[in-house]
Structures are given as C-alpha cells and as structure tokens.
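A, B, C, D and E are the chain letters, set down in written order, and residue numbers restart from 1 in every chain.
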C-alpha cells in the first residue's frame, strides 16, 4: 500500500457517501441520460465498495479497537455527525453493492420505455445511496433521516407500475413506513431527552436499564419491525412486494428489509444491550416460529409467483427472529444471523429477478398458467431453482452453510441446557422443508409435459442476471469464513 | 494437499461436461455424445490412476475451508476407491445405454446435464473425507436425481418425484441435524478406520445411541431400509437408464455406503457392538431382506419386481456391515459391487424388453428367448447370479456372509440367508423359464423398429452392447474373484488394512 | 410608563373587536353575514392591537414591519372573503353546514 | 409571573389537544382539514412559547400553510374525480345505500364502527401513559446548548440554529433537502399533471391581488433568508414563503402554468442539493472532511447553499402542489 | 402561595409540553387505527409527528439557559420531512382514487390474489397521457 491503509480509510468512507449521492443527484438533474448515468454510477459505486472492503480488511482494526469513525465536517461526536464503519456494516455494504449492481443491470433490460426510464433511475439511485448511508450512519437522528430517504424512494418505486394494485400497495406501505419512522423518532427523542447525546457509541456508553431506555426500546423496535415486516407487523409486505416491478421487489425483499433488521441488531447489541432479557428473547423466538409457519402456509396457498416469493420473505425473516434467543445464550451467534441474512438477501433477490423475467415474458404471473413459459425458459427456471435451493439450505449454496451455523448455535443452546432450544432447532430445520415445498411449487410446472410458449422477447440482461446472482448466492457458501472473519471486526459486539 | 488435484479432476471430469451440456442447444447431438462419453472415459482413466496410486499406498488429500474449523475434505482410501471405481465403470456403460435409449426423445440436454451432476455427486460421496463433505454430496445427489425421476413429465412421474423428495429431504434434514450434533460433540474429524468416537462413549453413551438411530434414519431412506423404502418402487416410473444407474447403483449404494462409513469409520466396529447398535441394525436388515423378497414375489410388473429385489439386496450389504466381524464386512462390501453389476444387467434387460418389444409385465415374457436371445441370456445370468449359484457373484457374497454370521455367532442369520436365497429363486426363476420355454403364438409388436427402422441385431446396438458387457462382467467377477484386482480381492485388502489381519484369502 | 398603559388600553380595545367578530361568527345565520363579521371586526381589532404594540416596538423599522403585517392581513382577508362569497354564491351553501 | 405563563401553557395545550381531537373525530373531510390548519397555527404559537421562533415560522409557513393548501387541493381533486366518474360513465357503481351521496363518497368517512373502539382506545392510552411516565422520569438537564455556544465563533454565522443546520449537522440538512426532492420525484413518477384535474379559481379578484402580494412575498422571502444568518429565519422558511407565492400564482392562472419547460425546472429543483453536494465534496477534497468548510469560508459558503436551497425548496413545493409531471419533462 | 409557585415550578415547559406531545402522539395513533379514510389517516400521522416535535422542543426548553439549538434544528428537519411525506402521500391518494374510485384503505391484510378494482383500464386518454394498459396484461414497463 502507498501508506498505512488506516489513513485512506476515513476519506474512502466519506467518499463512498459522496459518490453514491453524486450519482443520484446527477441522474436527477439529467433525466434523459439517467439510465447511462445509472449504469456507470452502479459500476463506480460497486468498485468503490470493493476497494473500501479491501482497505478495511487490510487495515484490520482489532475487534476491541474502536471501529473507523469519520467526523463529518470535522465536528466531533456530541456536536457533529459521525460515520461509523465496522465489520457488520462493511459486510452489509458489500451485500448491498452486489445485489444493487445485479438489479441495476437487470433494470437496463426491464425498464426500456423512454419516459419510464427517466423516472425509474433517479429514484433507484437515491434508494441505493440511502442504503449505503444507512449502513454507515452512527448517529440516532441521522438513522431516522436515512430510513426516511430509503422508505420514500422505496414507496415511490413500489407505485412505479401505476396499476391499481401497485398504488394501493404503495399507499399502505407508505403509511406503515411513516408510522414506523415516527415511532423510531419518538424513541430517539426519548433517548436524547435522557442523555442529551445522539451519537450511538456515546448513547451506548451512557445507557442503563431505566424507564426511558425501556420505552425507547419498545418504540424503536416496534418501528423497525414495522419497516422490516417482521411477523406480527408484516401486513404490508405481500401486496407491496407482489405488485412492484421485479427489480424493485428484489431490492425491497433483499436489502431494504435487511437494512431494518440490521438496525434492530445494531440497537439491541449496542444501546439496548442491558435490556435484552431471556424472556424477551423467547418472545421474539416464538414470533419467529409463527412467522415461519404463517409465511410458508401463505406461500403454499398464494396463486401468483411474486406473492409466493413475497410471503417467503416473511417466512425467512422468521429465521432471523428465531435466532434472537440463540444470541442471548451464545453471544457469538449474532455473526451467524448476519451471515444468514446476507445469504437470504442474495437468494431472494435472484428469485425475484427470475420471477420478474417470467412475468415479463408471460405478461402475468399467475402460477397456474405459467407452465408454457417455464418450459420455454430453462435458464431462468434454473436460476429460480438454484436460488430456491439456497433458501432451502441445501448443499453447495450459502444457505446450507448459514443453516449449518444456525443449527450449530441452536444445538449449542440445547447442550448448554436450555429446553426451549429444541423448539428453535425444530423451527430452523423444519423451515427448510417448508421452503422446499413452496420452491418446488414454483419449479415443478417446468417439468410438466406440455407445449412451450416463449412469450414476449426478453432482453439478454433479464435472461442472464438472475442466473449470475443465483450463482453468487450459491458461491456465498465458500465465502463463509471470510464473511464471519470480517464480522468479528465489530467492537462492542458481545 | 498432495495429489488433491487428481481427486478434483475426477470430480470435475463429470461436473464440467455436465454444466457444458446444460447450455447445449437441443439439436447438437454429436457434441453432446462426445462430451458425455469423453467425460466418462476421462473419469474411468483417472480412477484407474487413482486405483494404482492407492494400491501403492500413496496418500491423496484435498481440503477447502468452508466454515471456521470445518473444511470440505476429499480423501481417497481403499474403501472410497471401491465405490468410486464401481460408479465410474457403470456410469460409462449406462451413458452408452442412455444415449441409445433416449434416441429421438425431447429435452436430452437437460437429462444428460443432471445425469452428469448425479454421477459427480456419487463420486463426491465416494471420495468424501469427513461427515460434512459426505452430507454435502449426499444432499446434492437428492437434488440432482429429482429432475431425472420426473424427466418424463407425466403426472405419475411428478407424483413419484414429489414422494421421492418428500422422503429424501425429510431424511436429509434428520441427517443434517444429527451430523451437526455429532460435530458439536466430537469435532469435525475425518473418517478414521476404527472410528474417532472412542473417548466419548463413557460420557455421552445415550446421545451416541440416539445419534446412531438418527443417522440410520437419514441413510436408511436412500438405502431403502424397511419402513423408509416405499419411494423406490414408485420411482420406477423414471426412464430405464435412470432406474438402472440411480436406483440400482448410485442412490441406493450412497445410503449403504453412508452406513458403512458411519459404522466402520465414525463409530468403529467395537464401539458399535458395545453400544448394541449393530444388533438393532442386523434385525432391521434381515427383516428388510425377507420383506423385499416377498414383495418382489407379488409384483407382476418386471421393474417393480426388480425394485423390490433391490430393496432386499441392499440390505445384504447392511447385514454384512451389521455383523461387524472382518468376514461379515468382506461379504457386505463385496456385495456392494456384485449387486451393482448384476442389478444393472437386469435393469438393462428390462429396459430392452420395454423399449424394443413394449413388454413391461412378466406374464408377457413367453418365448422372448427366441426373439431376443442375447438379452434373455444376460437376464438369466443376472437372475442366477442374484440367486447365488456357485460360480456367479451372488454366491461369493452369500458365502462370506455365512462365514461372517458364524464368526459373529449369529446363527439365525444363516437361516435368513438360506430363506432369502429360496425367495430369490422363487421370483427370478419364473421369468427365466417363461422366457426360454414359454411359447408365443401371436407375432411380436415392434415399437422400436417402427420409429428407428430395422437393426442388424435383436435391438439397437447401443442398447445391446451394455447388457452384454455387464453380464460378462458379472460372470467374470464371480469366476475370477480370487485375483487381487477383483472386487473380492480389493475388499479383503480394505479389511486387511482396517483390521490389520494377517493376509488371507478364500 | 404612559406607553405601557396606552398599549394595554389599545390591545384591550382590539380584543373587544375580536370578541365581537367571533360572536358574529357563531351567531349569524348564513355565510355572507358571517364573512362580514369576521373581516370587518377582526381587521379593526388587529389594527388596534398593532397600534398598541407600536409603542412597545424598538425602532422605526419595527413599526414599519408592524404596519406591513396589518396591510398584508387586510389584503389577504378581503381576497379570501371575496373568494368564499363567490364560491358560495355559485355553488350554493356548503354541504356540511347544519 | 411564571404562574400566568403556566396558565397560558395549560390553556394553549388544552386548545391544541381539543382541536386535534375534533379534527380526528370529524366525519366531513373539509371540516377536518380546516381544523388541521387551525391546529398547525396553534402549534406555531406553542413553538413561540417554547422560545423557538424559527420553528414557529416554519410551522406556520410549512406545517399549516403549505400542508393546508395541499390538503385542500387534494379534496378538490377527489371531488372532481368522483364527479367525473359519477357522470362520465353509464354503468357507475350504485351509490352504497348507507353512505351519503356517492359523489361525495370520497369526501365523507362514515363514523368508524363501534367494535374497534375499545382496543384502539386501550392501546393508545397504554402508549400515551408509558410515554408520559418515561418523560416524567427524565432529568431536567440542558441539552447541547453549551457545546454549540462554545463553537459558535468558528461556525461562520451568529444564529445557533442556522449554525447547527448548515455547519455542525450539515449532513442531516442535506438529506432533508434530498427527501423533499425524492418526494417530488415520487409524485412525478405517478403521472402527468393533466391526469390530475385542477379547476381554475374564477373571477379577476385573485389575479389582481396577486399583482400586489407576489412582489411583497418575494421581498419578505429574501429578507427572511438574509436574516437567517443572525436572527430567526433561514432557507426553509424563505423557501416556504416563496413556495406559497408560487402556489398562489398556480391557483390564479392554472391555464398558462408558469411551469418552466422540462430542463430548467429539473435543474432548478436539483440546484439546492447539487450545490450542497459540490461544497461538501470540495470540503472532502480540501481536507476539512465531507461537508466541512474552512473557517474563513464558512459564511459565504453557507449563504451560497442557503440561496440555492431556498430556490429549489420553493420550486419543489410548488411542483408538489401541482403533483404531476410537467409535459416538458417528457419531451 | 409557595405551593402555587412550587407547582408552577414543577409544571415547567420542559415537562408540560413533552406531556402534551405524548398525548398528541397517542391521539394520533388512536385516530390512525380508527379512521379508514386515507386523508384522515394522513392527518393523524401529521398530528403524531407534531406530538413528537412538541416533545423534542419541550426537551429543548429544559434547564434555565437558552433552549438547545440542536433539538430545534432537528425539529425543523422533522417538519420539512413531514411535509414532503404528506405531499407524496396525498399525490398517491389522488392517483389511488383515480384508479380505484375510493380513497379508503380497508383494515386487515388484503387478499393479494383478488385484483384491486382497476377502473382506469376502461378510461381512454385523449392526449398523450400514458395509454390505458391492456386489461389482461399486468402493466409492467
């Protein structure tokens, strides 16, 4: 390296924020070329994130040392805003870059109408910038603002197709998002009222299990569960993801929902750590089990391809909830949960993109009448199957490794004597079977004997990107050790 | 890492062409055939090189870090060579057969793609060095076989596929949980002859027993042990090459091979006996043998009968392993090869009858000997081999199993062997007799000639050559079992290395 | 001292006018009469309050600002009253009126 | 003296809560909107009481003014859409017997049914009481005022709120401008403005008064922007005032919309965000950290950003009022 | 008298207004759950937002010295975010009414398979507005 990587890291972090914002602003200002700006911007941000991750791993701050924190505008913590980069946010930034690049390439083919292109790309680039800022933000109020940026652009993209179903899904999604944000903001205000500081690290240092923290925890967790559509508050997810354009639903299910989960994790490991009681963990775990069962049942019943995948998001997030109690017993299990979320995001995004290609070709996505198109497009069905296998947690996919680690954590809790651990292990194991059921439901028609109907022509992007992303999801298995190592570089984690 | 590249090369010799075939457009027949046969040929050659290496006693090891503390390990020892060489040889033969069988049928790129994936998984299972790698390839085999079972796309095929997945995925899950639990207890050790759980037996006796039961459920489905076998007859809906290679060799043997690995290289024979595990396994295997034979008797459809015969034959292998003595293991292991060769011959014959003359039921076999003498001869050889007539392969197995039973003082097992041989005769002799001696008045209905045109031999040459080859191979394995390189010779080498017994032969 | 008493007196007078305007709003039967009450009474009330506040104002700039406020409210009030009256005249009474 | 203030506070709070309750409980939407505007103005009064004149200005201009205008124009659009659907199509759905005239179905919300009353009330009471208890346990400590005061000399402006907004926490303000822009992009992505009917206000009176009012509004807006650096005021309040003037223009002459053709309008709305980002990136390059200014250059840069922000906020608010893509944008 | 003064001291704005804000927040939440018309729900959300800002400004006014400028700056940011979210929500509601003929969001999870009543498909647009999508074809770009 030219000099020690540490000196380059802060500028690289702020540079990432600057670059992704610049791309979004230029695309908004120059809509005619928005798609070209979008493509080059996507590649530039992707390259920058990879460079940043190389720098981060090379710099390799020991887990105890403070994560890399950048004071914006030169103003230190209590007064100014701090950007915060550690193992957890680095992993999710790389995930976002991969899925976002794939979605951008896919959108080149999916949105080819001249006028719609001008509307789609600026919103999409703002969403991506919002996600990057969300993972880097280290200030409570700034988290609220970045959540708003992400939510507004996500809602605008959901309503993009302009059909009645899309707009009604978008309105419901927007109202729930605003409610979630206000609840989150009230939590932030309570914390500010108590401690007079907004920076997460300073808050963590000062927080103890008082009434304010308890109420703030309830409000912020409820707000984020609304946004992450975690089980009891998941009502908006299926109509919104089901009727949005394919690249949007891929990002929604893959990244936006994972972003809210990331925030929950960050808060419960940091500011609200003293509040995490075993009883609370078991409650969350039970919610997770309910989510698994309800989501899979709905997925088995839904008639439309995208609805099945949307319900499977609700189900798969049940896994993350089930893993919460595991984290309370075995503190090291949080890395496994994050790895599962990463693998799920990759697999879910490629399933949605594949479903989008099929819908575009067939003109509709009613599963009963998709046989012809499924038979005519083996490449897309293979992508759907491969990503589905990763959702099931079967070998040669990231899902398998994630499920192995989750099971290991679950069994570890049983060996450590917690009886309820058996329920978690059964849920984790059973979840894979349920996933197998609804993935089979999507893939089986391709093997029925019957006429082939190629349907509309589909651009090469839409043909190959799902397969590419599905392969990346499968190869994520081999990146297991590297990801888990990066995650260890998270100070303050138990 | 020395020699690791050879193991990888063997694995990719079928994975590479497989993936390439996936992307081949349907009409590129010639390129697909060359890719297929090329891959099979290379794999055969590489396995031969590996065979020579292992004979010389070199070490082959390849490992890739998957998770902190757990690696994907490929290793070649004598036992893995046994299964790897069996699947390499039979895959070559079955590829030729499949090309002939699927002449003119649609979606062959997809078929051969998944076909190659299956064999890579099988070879992966053979070469895996620890339980986790075994599990990875084991589950991959499930996923790769499902599209072949449902290849025809008929509602019956899809129902069979759904049942097949139901059984195998559930058992895979049980296996997955058991392996994670075992790795938690004993750490991610490689397969070591004599087992690596020795020190755990005092503290975790009960959990080891529960684990063993779970592992047996996990492997039992694929090894078609009694309560978990019902998917096998129904999966006969698949095309003949699939039932021949997969349900006679790859899938079923994977289950049996798993049980062999667990009993010998995870628990170790002494610990298995001490915990009373082999006794339970013995009873289940014996019951399956009898149950399979009885069901085969009642089945009139030829492939159903062969399927149920497979159910019982595989349990011979498990019976041998469950006897846990050196002689018993020799019987079990050698039957792994013998049963593979003879059963594949029988399935090929069944395929030929169905493909050439459209005959599926045993009652329609009258006088087929005159119309298709070579195939009928192969069927006879296979049938007699199964029954266990002296010069053929079956006899060698049953002889050693008997010795093993005596050695383990389980005399009732002898009774089971005798009874099952009689039952074998009961369900194999009628089709043979009917084939040769039965007279048939009305002319043969010839579906193959209608669409493929007349052929010099009794059927398409690509269908005939594999049948003859495997029949002769079956005969040779029986006759020349004394040689060093014969399956019996190789198996005694394996046992001699594991049990460090003095050199001895039949 | 005088300035404070003058302010109090003027502001109180202004408040009286505001009270009258509100009473008119509540008591008058239809839209037009209520508009009269509001615009007339409240504007005068505001004028008196602003006059009162002028004595408290710091310098001439503040006095001018106060007058500007009064002029703007006058302009806005009259336009709004006209618009409401015209709409009621063309579209009839508001549905929601009891 | 403080006793009087407490009484004033209690009366004001009672008024605010009362108006809010009436607004939520009203069945007629027009009544709800008017009550909401009153609620906004009372809130502005409360912010003045809490010594936050900037926020009172913003609340009155944005909270009550712009939001009120948006709500009123939405009601107008709902009414004309329902009217057009009611008359425009022969097989209109039969007006549901229970509700009032179908034409106004969109403008009336029948009183909510009884059965969901009790759980909702309990839930709200629980949340409210938990919040109040948590707040009562909090120490009455001053917040970050001393810290801000210590850095005021370096911030380039004299008014603490502008210093926080545009210097110490400039990143938040940047994202806030971005959110306004995204809301507009979202509204534009839904459709063209000819999809959304907007009846012109009849009569010559409004255009006439506008000739008087608009220049005064522009002067006031610029004054508020200028005053922001040393007294309550600033980009957002000025932007709201100019936006209000723009909305009045839109109401007065909807036929010849003063909307500029596509490109200049697009540049106008992104000016604020673009300039802010440019200054930020320059700061990153020059070593002051992202969105950081050299002390000497702080004041001029802040003023520059504020002017651009005011321009784009005003344009965006007007465009949000029109809520449809201009035809020029699609050319 | 000191009882009253002491009462006045306790009911300082730093405590009174946050309580008022909490009440507004709860009232807005109640309104959001109870009322089904979208415009009323948007109003309820705005009232909840104002509740949060009242708590924040109340917190800012705590202590003797001048109020905390950071809290006030946050409130200003919050107000602007609230107005942009409301503007976008209202635009969505107008389009929803144009497409489906009603502006009421029915409670409970919608059955996503039943297609929402899409009136726009019969409407034909004289000028160059986006063509009405083909009834069967799900209008994806």
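Operating definition for what follows: a contact is a pair of C-beta atoms (placed from the backbone, for glycine too) under 8 Å apart; a residue touches a chain by one contact, two chains touch by 3 or more.
Note that the structure is a prediction, hence the values are computed from the model and not measured.
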Query raised in the report: How many links in the shortest chain of touching chains run from chain C to chain E?
Result: 2
Query - Neighbouring chains shared between chain A and chain C, ordered by label - result: D
**Report entry** Chains linked by the largest number of contacting C-beta pairs
**Finding:** D-E
Requested in this report: Averaging each chain's C-alpha atoms to get its centre, pick out the one most distant from chain B.
Outcome: C
Report task. Work out the mean Cα position per chain and let me know which chain is farthest from chain A. Result -> C
Query raised in the report: Quick one: chain B and chain D, Cα centre-to-centre, how many Å?
Result: 74
Report summary line: Cα centre of chain A to Cα centre of chain B, whole Å, reads 43
Query raised in the report: From the C-alpha centre of chain A to that of chain E, how far is it in Å?
Result: 26
**Report entry** Multi-chain contact sites of chain E, meaning residues that touch two or more partners
**Finding:** 18, 25, 55, 59, 62, 70-71, 74, 77, 81, 84-85, 88, 92-93, 95, 119, 130
Query raised in the report: Mind pulling the chain A residues that touch 2 or more other chains?
Result: 79, 120, 141, 145, 148, 152, 155-156, 159-160, 162, 167, 186, 190, 192-193
Requested in this report: Provide the list of chain B residues touching at least two other chains, using ranges where the numbers run on.
Outcome: none
Report summary line: All chain pairs satisfying the touch rule are A-B, A-D, A-E, C-D, D-E
Report summary line: Contacts from chain B onto chain A in the complex sit at residues 22, 64-68, 70, 110, 132, 135-137, 139-140, 142-143, 147, 150-154, 158, 161-162, 165, 169-170, 172-173, 176-177, 180-181, 183-184
Query raised in the report: Taking the complex as given, what residues does chain E use to touch chain D?
Result: 4-5, 7-9, 11-20, 22-31, 33-37, 39-40, 43-44, 46-47, 50, 53-55, 57-77, 79-88, 90-95, 97-98, 101-104, 107, 119, 122, 125, 127-130
Report summary line: Within their complex, chain A touches chain E through residues 79, 110-113, 116, 120, 141, 145, 148, 152, 155-156, 159-165, 167-168, 170-172, 174-175, 178-179, 182, 185-186, 189-190, 192-193, 198, 235, 238-239, 242-243, 245-246, 302-304, 307, 310, 356, 359-360, 363-365
Query - Contacting residues of chain D [partner chain E, same complex] - result: 2-3, 5-6, 9-10, 13, 16-17, 20-21, 23-24, 29, 32-33, 36, 39-40, 43, 46-47, 49-52, 54-55, 58-59, 62-63, 66-67, 70-71, 74-75, 77-78, 81-82, 85, 89, 93, 105-106, 109, 112, 116-117, 120-121, 123-125, 127-128, 131-132, 135-136, 138, 140-146, 148, 160-161, 163-165, 168-169, 172-173, 176, 179-180, 182-184, 186-187, 190-192, 194-196, 236, 313, 317, 320-321, 323, 330
**Report entry** chain C partner contacts - residues on chain D that touch it in the complex
**Finding:** 28, 30-31, 104, 201-203, 205-206, 209, 212-213, 216
